[in-house]
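By written order: A, B and C. Residues from 1 in each chain.
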Amino acid sequence: MTDLSLSNRTIATKPAPPNAATAFRFPTQWIGVAPFFIFTIMFLILPTLYLVVGAFQDGDGHLTLDNLLQLVSDPSISNAYWVSIKISFWSAIIGAFAGLALAIAIVRGGLPNWIRSATLTFSGVASNFAGLPLAFAFIATLGRVGIVTALLRDVFNLNIYAMGFNFLTTAGLIVVYLFFQIPLMVVIIVPAIDGLKKEWGEAAATLGATQAQYWRMVVIPVLWPSFLGTVILLFANSFGAIATAYAFAGPALNIVPIKLYSQINGDVLHNPQLGYAIAFGMIVITGLANVFYIWFRTRSERWLK
Amino acid sequence: MKSGKFWAWVVFALSAAYFFIPLLATFEFSLRLRRGVHSFDAYQIVLGDPRFQATFMYSVIAAIFTIILGVLVVVPAAYWIRLRLPQLRPIVEFITLLPLVIPAIVIVFGYIRMYGSNSPLPFLASDLGASSLLVIGYATLSLPYMYRAVDTGLRTIDVRTLTEAAQILGAGWSTIITKVILPNVLIAVLSGAFLTFAIVIGEFTMASLLNRPAFGPYLQNIGANRAYEPAALAIIAFAITWGCMSLIQILSRFAPKSANRPN
Amino acid sequence: MVEPFLSIQHVRKSYGTNTVVQDFSLDVEPGEFVSFLGPSGCGKTTVLRMVAGFEEPSAGKIVVAGKDITRLKPNQRNVGMVFQAYALFPNLTVAQNIAFGLKVGGMNKPDADRRVAEMLEIIKLPQMAERYPYQLSGGQQQRIALARAIAPKPKLLLLDEPLSALDAKVRVSLREEIRSIQKKLDITTIFVTHDQEEALSISDRIAVMYGGKAEQVGTPFEIYNRPATKFVANFVGTLNVLEGTVTDAAAGTVRVNSEQVSLKGKLNGSKSGDTLTLALRPEAISLGRQPGRDSSLSGEISEVHFLGSVIRVRVGIGGNTVSLDTFNSPATPPPAVGEKAEISFSSDDMLVLH
């Protein structure tokens, strides 16, 4: 099961026990974490920094903003960013609300217990079922000769392609991305909903609150940080996704990760500096989303430990 | 109360339709290779394809090395932080979450530029080096899952007390790690491992950009050139993912229950 | 007799074939503090939850101040409730928690602020207004929960094992505080607990419950000293149980381990030769013959436990063991194991259990 939560609890830290010896026994103290730090610095932080620095340099290593300006001035690149942001934003928002609704339905809806456990198991699987196989599944379903496409055409006389449906449209990709976005929301938010104590609702009721008041004043504020954190995660999740879209149309589809993929592969024009800038732009966008999340949470959620 | 239950059923039914129709349709589609009748021909062709076997084996081996590397990097760090350096926890947690924020394609782009053939550390100069870099990349991608799984496992067994108890009984460090800590977090490590396997097995971006003969690029190639085989592959991939998740669930039943300390 | 404020009338609750509460009736006077005491699963919490409105009775009705509230929703009943696990809203400050009921009740802000300040004063935590629940200890959280429950001036205060999650010291001080606040505000209160000492120390009346029924309802004094049933006698306080045989029903004499005890007027129609279950509280027994004690039995000291201010002694009498407490006095050495001993008691204090 995807046991990761960007939610509040994971960040909870215990104060370190006072340990006077720490300062003196530096080397041995660090030995256990050394592999971790060496690994992540070499293979996560430095490569990323390399691109970030490269984004501000020209081919000869001089400081420049040209690469970054090109992101804005080149309409095909700025358009790719725009499409990517739109797809990621809407697939995150729709996925988040649909996932929340499903989570509430299985946890609080009074459905039989097996539905809850079956849904959770399935969500664990589906949230990890992405990439190429997901695209294949949707091509077999809603592709030009897909089963459902044929069914709609022959039985209901509905030609969805004539109506403008296409996987390469924003809406088409969103429909596909929801297949992993919704389950990911379910997997993360169900524990948060489970964390809502039954007594809170009862206390609110004895104090005279209606169900709506209880939700507005307690449930939504309590779930909000986990929910928002997951929305950001869903956003980043689809913003970096490439394989699914690539399977639909190869390099033709104009979204940022495919743009970058083409740059790296040299399909279009080989200009590493521009590649750095595109990568930097991607980090900035997912990074900004997280900064927004952290800023929002520290501002409004002082009650979190 | 009544209407709440009604809406719960509606939401559930809509979700079930959204998730099951594509799976059923894909399955149906995968059986259509032979005109006019349902057959498993597509599966036969795929499974009999030597390229399928070669690339799948390559990815399985890459996944196994990824898991070993992940364990070597994560377990000592998580253990040490629980035991000695709790003040580092926020930094380490932040780092382990980075791969969720930095897209895989960005990370691998960094590798290509930093560890290219002409760099001081020319991973990409040889096949073995490039494969190692792929394993490293996968280990990076799985970092958030691996760390979380192991850390949760360590939390439930209260490593500090266990370690101190072992030390009082005269155990050395190697004994503590191999006889006390590892058996107790084995389940957690395995959970992380199967999740890693599920993520890595069909991974496309890194394998393709590092030009490795892995399962992901093979899938892409089949997808671009065939009609029914991709559907069969999608079903196979779904089954593999399902298998990994089921193993994690089964394992979680054997996990040690939270001992004396609730947090 | 004062008109009952809360009247629980022949209430039953079953889940399918499983009956948790069977025919429970109780009248509570205005301002009274009544405890439901019993082991877990005895139905005490279910009755409380029916009064709060979380469970609907299968039969019977609940009347508050002359109004039938049996089918009313919890949020229309105007009861205050305190839970075992505090149940403070984690996203609200202490002041906002206390103001919750006032806010949803439509009270304007200045009035609500005044009421919150007043409540914080009552629970003696005025400096905590801006804290969040996680910053408070268990005892503080439970006091806030109490303030939150009483802030909207409920007709009834329901306390569901409010002290069970706290450590022993806090438990004692908080129960005294609950009682004094309850008296000061004169609020009718039901208190559910499985701790007999708690129930005895703060209640006006106790309903001892077992198997979904009230075994006995009475003042703490009555419950302790005149338990109506074997269950009540055993559950409340420590009890020494002895077997006796009626030797002469008319004269009221009973043989206990070859010695005669007179229990005139207590035999309730038992015949000669019947076996009786007799009980004595440890504090009703003295070591050695004492003036004013009309009965005695002899035996041998089997255990001595020094507990500080008292010494608990166990005396074997035939096949039975009797516990008794003597005060520690620095001048006299404690009794020794193996000594022959005589115990004396007043036959009035001996309970015949039915």
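We take it that a residue touches a chain if its C-beta (ideal position, glycine included) is under 8 Å from a C-beta of that chain, and two chains touch if they have at least 3 such contacts.
Heads up on the chains, UniProt names are A, B = ABC transporter permease subunit.
Note that the structure is predicted; figures quoted are calculated from it, not measured.
Engineer: How is the touch graph of the chains shaped: line, ring, star, complete or other?
Structural biologist: It is a line, because the chains touch in a row without closing up.
Engineer: Measuring between Cα centroids, what's the chain most distant from subunit A?
Structural biologist: C
Engineer: Counting in whole Å, what is the centre-to-centre distance of subunit A and subunit B, each centre being its mean C-alpha position?
Structural biologist: 17
Engineer: Measuring from the mean C-alpha position of subunit B to the mean C-alpha position of subunit C, what distance in angstrom results?
Structural biologist: Measuring from centre to centre gives 56 Å for this pair.
Engineer: Can you list the subunit B residues touching subunit A in their complex?
Structural biologist: 1, 4-5, 7-9, 11-12, 15, 18-19, 21-23, 25-26, 28-30, 72-74, 76-77, 79-81, 83-90, 92-93, 95, 97-114, 136-137, 139-140, 143-145, 148-149, 152, 191, 195, 198-199, 202-205, 209, 216, 219-220, 223-224, 227, 230-231, 233-234, 237-238, 241-242, 244-246, 248-249, 252, 263
Engineer: Applying the document's contact rule, which stretches of subunit C touch subunit A when the two form their complex?
Structural biologist: Of all residues in subunit C, those touching subunit A are 52-54, 73-81, 83, 85, 87, 89-93, 100-101, 103-105, 132-134, 145, 148-149, 152, 154, 158.
Engineer: Where on subunit A does subunit C make contact in their complex?
Structural biologist: 197, 199-200, 202-210, 213, 217-218, 221-222, 301-303, 305
Engineer: Can you tell me which positions in subunit A touch subunit B when the two form their complex?
Structural biologist: 1-4, 6, 10-17, 29-33, 35-37, 39-40, 43-48, 50-51, 54, 98, 101-102, 104-106, 108-111, 115, 119, 121-122, 124-126, 128-129, 131-142, 145-148, 178-179, 182-183, 233, 236-237, 239-240, 242-243, 246-247, 250, 257, 260-261, 264-265, 272, 275-276, 279, 282-283, 286-287, 290
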